[in-house]
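You will see two complexes here that share chain A, one where it goes with chain B and one where it goes with chain C.
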Partner chain A sequence: MKLRYAGWLVAAGAVLAGAMALSVSVGEADLPWSLALDLRLPRTALAAVSGALFGIGGALIQSVTRNPLASPDVIGVTQGAGLAAVIAVTAGLPYALVAPTALAGGLLAAAVAFLLGARSGFTANRFVLGGVAIAFALRAGIEITLTTADAIDAQRAQIWLLGSLNGLGWAEATPLAITLVVALPLLAMAAWALRTSALDDDTARGLGARPVGVRAAAGALGVVMAALATATVGAVDFVALVAPQTAQRLARTERPPIALAGVVGAALVVVADLVARRLLAPTQLPVGVVTAAIGGPFLIFLLLRARRA
Partner chain B sequence: MLAAQGLTVGYEARDVLAGLDVTIPEGKFTVIIGPNACGKSTLLRSLARLLKPRGGTVLLDGVPVDGQSPRHVATRMAVLPQTPLVPEGVTVAELVGRGRSPYQRWYRQWTIADTEAVASAMRSADVTELADRPVAALSGGQRQRVWIAMTLAQQTPILLLDEPTTYLDPAHQLEILTLLGRLRDEGKTVVAVLHDLNQAARYADHVIAMRDGQIVEAGAPRDVIDAGLVASVFGMDCVVVPCPVSGAPLVVPL
Partner chain C sequence: MMGRRIGLLLGAAVILILAVAASLAIGARPIPLDEVWAALFHPNGSETAVIVHDLRIPRTVVGLAVGPALAVAGLVMQALTRNPLAEPRILGISAGASTGVVLAIAVFGIGTLAGWIWFALLGALAAGAVVFTLGLRLGTGSSSPITLALTGAAVDACLGAVIYTLLSTSTRTFDQFRFWAVGSLSGRSLDLVVQAAPILLLGLVSAIAAARGLDGLALGDEVAVGLGHRIALVRTTAAIAAVTLTGAAVALAGPIAFVGLAVPHAARALSARFGTGTSHALLLPLSALLGGVLVLVADTVGRIIAPPGEIPAGVLTALVGAPLLVALTRRPRLVAA
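The block that comes next holds the complex of A and B.
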C-alpha cells in the first residue's frame, strides 16, 4: 500500500471517529455521556456502517464499469429498491417487511442490468445505459404508485425515498455490520483481482486473470452492499457516487480505493446525519438531502483542485 | 513449445483462419507477415489464447492450452496486445509489477522473488530510470519498452507481441526489434506480428507469410522471402537484393 493512501486512510479514520464522537455528544438535550452513548450511538453506528456500505458498493461498481458516474442509482439498484419499498408501504405491509422487500427490488433491478451488461463484459456503455433505462422506467413506476396512493402512505414513502435514519438503531445497524465483516475477505480478494482485471481484457488475460468473471463477481458484491444499505436507510445514495470519487482523488489511485471509499462514505453519512438532526432542530431533515448538499460541493472542490494541479 | 493444429477461428459468420497448422520454433524469433486482414493478428491472438478457436487446438508444451489454468499458462507465455489501455496514475514500476500477478495470490502478494524479477525486467527493457514515472506521461517508444518489461516480469519462456512497432518512429522501431533480438539471444521464444517486410527479413529467424487466412510459406527469411512470395502474398512487384548491412533479403518495390 502506498504511503499516501495509508496516510489518507488514517486521516479519514480520524475524521470518522471525531464525527461519531460529536454525533453522540450533540443532541436535543445535554445528556451525561453514558446516557448519550445509549441513546445516540445506535443511530450514529448505523450512519457509519451504511455509509461504509454505500462507499464500498460505489467503489466496486465504478471500478467494474470503469465509469466514475456509475453508482447504484445509475444502474437501477436504488430505483428498484425504491419501487419495491413504495409498493410495500402503500400496500400496507408491516414495517418489518419493507426493508427485505426493498432489498429484493434492488437486487432484481441490478440483475436485469447485469444481464444486459454481460454481453459487453460489464464494462462501459452497455451495462450503464441498460441500467439507466431500467432506472428511468422504475422511477416512473415510483411516481405512478405515489400519485395513486393514499396521501399519508405517500408521505411515509417519500421520506423513505429521500433516506432517513429517524427511529433506526441497533436492529438495523447490526445486520449491516455483520455483512461488512463477513465481506472483508471477499473485498480483499476483489481489490486484488481488480488490479489486473481493470487493465484491458487482453492484457489481463495475458497475465492469467479472468477479467469478465472478476468484474461480474466484484460488481455483484458491490450491488449487494449498496442494495442492503439502500434497503435499510433508504436512498442516501449520492454517497455511493461521491465517496469513491473523493477517495480516489485524495489518494490519487488508478481506481476508487475500496477501503478509503468505505471510510469516507461512513464519515460523510455520520456528518450529514448530524447536520440533518441539528440544522433545523427540532425539525429533522432527511439525511439524503444533506449528503447531497455536502458531497456535491466537496466533489466540485476536488475537481477544481485537480484541474489546477 | 507452442503449436496449433487445425486451427479455425472466426468472427460472426466468417472464418478468418480455416484449419491452420503452425509450429513455433523454440528459442527463435518468429515474425508473422501478410497484408491487412490476412489473419496474422488473429493467428497471434489465438496462439495467445485471447481468442477462442471454433475448431482445432493450440498446444502449449504439448498440451491443449484451453485445458490448462490461465494462471499457469501466464507463467509459460506472455502476451503484449496491440494497443493496451494505459491505466491512469500508475507508475512504471507498478505496471511492471503487474507482470508478477500469475505468481501471486491475494493473501500472498509480494515476495523477494517478485522484487528481483521486476528489477531484472526493467533492466532488460532499459526502463529502470523511468521506474517512478507515471506510464501515461511517457513517449510511445518508452511506453512500449515498459509494456515489454511487464511481460518480461512474467518470466515466461515464450513472448507473443501483436504489432509491437506500429505507431513508433523508425528509430524506436529498431530499438524494440533489437531488444526482441536480444531476448531471443537470451533464450526466449519470441513471436511478433510485423507490418514491415524488411524488418521481418532482417530480424526474424523464422517467417510465417500469410494470405487470406492461409499460411503461404514458412521458414528462414533467406529461404522464403523472394519476389515470387511478395507478389503472391502482397500482390506487389519488387526486386529482392541482399541488404548491404545485414545481408538479409531486402525488398525493393518496383
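The block that comes next holds the complex of A and C.
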C-alpha cells in the first residue's frame, strides 16, 4: 500500500513537471527558452500552486466531513469569495482590490460555517449542512447582484466567478507558494492526526486523541487554503472535488491522501490552463471551464475503471 | 405514533393553506381576503378579479406544482445516494435543463418561456438518464450510492463547461439566460402547468411507489434484500421519480435553488422532534407540503420586499430557508439520510 502510494506520488509529480515544461514552451509565439521562462513561468507556477492548494484544501475538507461531495463551494467558501468579488467588480473597485476583498469574503463565510459547526462538535453532516445553508444564501446574494447589474459588468463578474489566470503572475503566485511552504508541517500533522479521526469519536477519545479538535483544525486549514486559491484565481472549485477523489482512487486509500491530492490538483490546473490558452487561441478560455471539462470525464473514467477492477 | 403523524401532516397542510392565501392576497397591490374570495368564485371583470385570475392564481398554482416536486425529488435523491448533499444540482439534472435552455436561445433563437419549457425538460431528462444509467451501472452493491453522486457531480461539471462556452459567445444569450437561471414563478401561464402536469404526475406516482423500498435501502442493501425489496426495481423507480419531478419543475420555473436540498432535511428534523420516525411514507407528503410553503412564501416575500420591482423566488428560497435549515439542523436529534 505504501509503495503504491509512493509510486503514484512520483508518477503524478512527473506528469506535473512535464505539464509545466510543456506549458512554458508552448504559446502564441515561438520564444527562446530563456525568454519563455521569463514570460510564461510565472503563470505556470501560479497554476501549479493554486491547483495544489485546491487539491489539498479539498482533501482536508472531504476527510473532515467524510463526504466526497464536500468541497469549498459546498460549505460556502467559494460563494463568500464570489459574492465579495462580484460586489467589488460591479461597484467598480480597482482590479487590484478584487482579490483581497474576495479573500476576506471567503474567510468570513468559512468563519460563520465554523462557528455553526463548532456547536455541534463538527459532526460531519451537521457541519456540512450549516455550510450548505450559508453557501446557498450567499449564492442568492451573488444572483441578486448579477441580475441588478448591467449586462457587461455582470458578464465580467461571471468570468471572475469561473476562474481565470489571465494577466496573473509572480505577484499572485509568491504569497500562495509561501503559504504552502509554511503550512507543510501543519499539513503533515493534520494528515497524521486525521488517521485517528476515521474512528468513531468514543474510540478515538479512548485512544487519547481529541477528535473534535483535530477535525476543527484540519477543516480550518483546508478552508484557508481553498479560500486563498479561490480569491487569487477565482472559483476553479471543481479541482477541489475531483483531485482528492482521483488521488484516493489511484492510491486506493481509505481517505483522500493529502499530498497526492495536492500534486494531482496542481497537474490538473496546469494542463487545464495550457488547454485554455491554446484551444481557441488567441481567445483565452477561463481555466475553470477547462478544469471542469477535463476533470469531469476523467472522474467518470476512474469510476469505469474501478468497476472493471 | 399514527396520531402524531396525522397531526404533523395536518399542521403542515394548514401552513400551506395560509401560504396560498397570502400568495393570493399579497402583492404590489394588496387585496383583502374577502375580495380575493369574491373574485375567486364570482369573477365580475373588476380590476381586482383580473389581478387575482390572471396574475395571482397562475403563479400560486406554479408554486404549488414546483415546490412539492423539487422537495420530493430532493428527498428521493438523498435516499437513493445516501448522501445528505444530494439535490438537483449535484446530480446534474438542473445543469441538463439549463443546457437545454441555453441551446434554445443560442442555437435556435427562441426567446419565450413557452418555447424554453420543452428544451429544459428534454435537457433535464437526458442528463438525468445519463447520470442514473451510468451511476447505477458503474457502482454495484455498497459502492453504488457514492458512485451515483460522483457521476452526477462529474456530469454537472461537464455541462457547466458547455453552458459557459455557449454563453460566452454572445452577451444577448447571457442576458436572457441569467434571468431564467435564477428561477422565478412570475409570467408563467396556466397552460405551462397543464403541459407539465402529466410528467409531474408520473414523477409523483413513481415516488410514492418507491417510498417503502427507500425505507429498506436506508438500512443497507443486504437488509433491504432480506426484507424482500427488489433493489434494482426500487432504484429505477426512484430514479424515474427524481428525474421527471426535477425536469418538470425546472422547466416550469427555472432551477430554483435550495428547495430540493433543504426541505427534506427540514422534514426529517421536524419528524425527529415530534418522534414520528423516518419512514418515507411520512417524509414524502411532509416534504411536499413544506416544499410548497417554502416556494410560495419566498415568492410572496419577493413581491413586496423591493418595491416597485420584484425579487425572483429562486433568490429568496435560500435567504428565507437558510436560517431555518441552520436552526433545525442544530437540534441534537437530527438523523440525516
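As a convention for this text, the second predicted complex is superposed on the first by the 302 of 309 C-alpha atoms of A that agree within 3 Å, B and C clash if a C-alpha of one lies under 4 Å from a C-alpha of the other, contacts with A are read in each partner's own complex, and residues count from 1 in each chain.
The rule we apply is simple: a contact is a pair of C-beta atoms (placed from the backbone, for glycine too) under 8 Å apart; a residue touches a chain by one contact, two chains touch by 3 or more.
Predicted model, so just to flag it, every value in this text is computed and none were measured.
Participant: Looking at A:V26, would you say it contacts chain B, chain C, both, or neither? Reply first, second, both or neither.
Facilitator: Neither: A:V26 stays clear of chain B and chain C.
Participant: Between chain B (first) and chain C (second), which does A:L93 come into contact with in this model arrangement: first, second, both, or neither?
Facilitator: Touch partners of A:L93: none, neither chain B nor chain C.
Participant: Scan A:A193 for contacts with chain B and chain C and give back first, second, both or neither.
Facilitator: first
Participant: When the two structures are laid over each other on chain A, which of chain B and chain C touches more residues of chain A?
Facilitator: Comparing chain B with chain C, the partner touching more chain A residues is C.
Participant: When the two structures are overlaid on chain A, which partner does A:A104 contact: first (chain B), second (chain C), both, or neither?
Facilitator: In the superposition, A:A104 touches no partner, neither chain B nor chain C.
Participant: Looking at the overlay, what does A:V15 touch: chain B (first), chain C (second), both, or neither?
Facilitator: A:V15 sits against neither chain B nor chain C.
Participant: Quick one: classify A:L37 as touching chain B (first), chain C (second), both or neither.
Facilitator: neither
Participant: Scan A:A183 for contacts with chain B and chain C and give back first, second, both or neither.
Facilitator: It touches nothing on chain B or chain C.
Participant: Residue numbers of chain B touching chain A in their complex, please.
Facilitator: Per the stated touch rule, the residues are 45, 48-50, 69-75, 78-81, 84-85, 87-90, 98-99, 101-102, 105-107, 109, 151, 154.
Participant: For chain A, which residues count as touching chain C in their complex?
Facilitator: Against chain C, chain A makes touches at 67-70, 74, 116, 119-120, 125-126, 128-130, 132-134, 136-137, 139-140, 143-144, 146-147, 151-152, 154-155, 158, 162, 238, 241-242, 245, 285-286, 289-290, 292-293, 295-297, 299-300, 303-304, 306-307.
Participant: Residues of chain C touching chain A in their complex?
Facilitator: Interface residues on the chain C side: 83-86, 90, 134, 137-140, 143, 146-147, 149-151, 153-158, 160-161, 164-165, 167-168, 171, 174-175, 178-179, 182, 257-258, 261-262, 265, 311-312, 314-319, 321-323, 325-326, 329-330, 334, 336.
Participant: Going by the contact rule set out above, which residues of chain A touch chain B in the complex?
Facilitator: The touching residues are 188-189, 191-193, 195-196, 198-200, 202-203, 205-210, 252-254.
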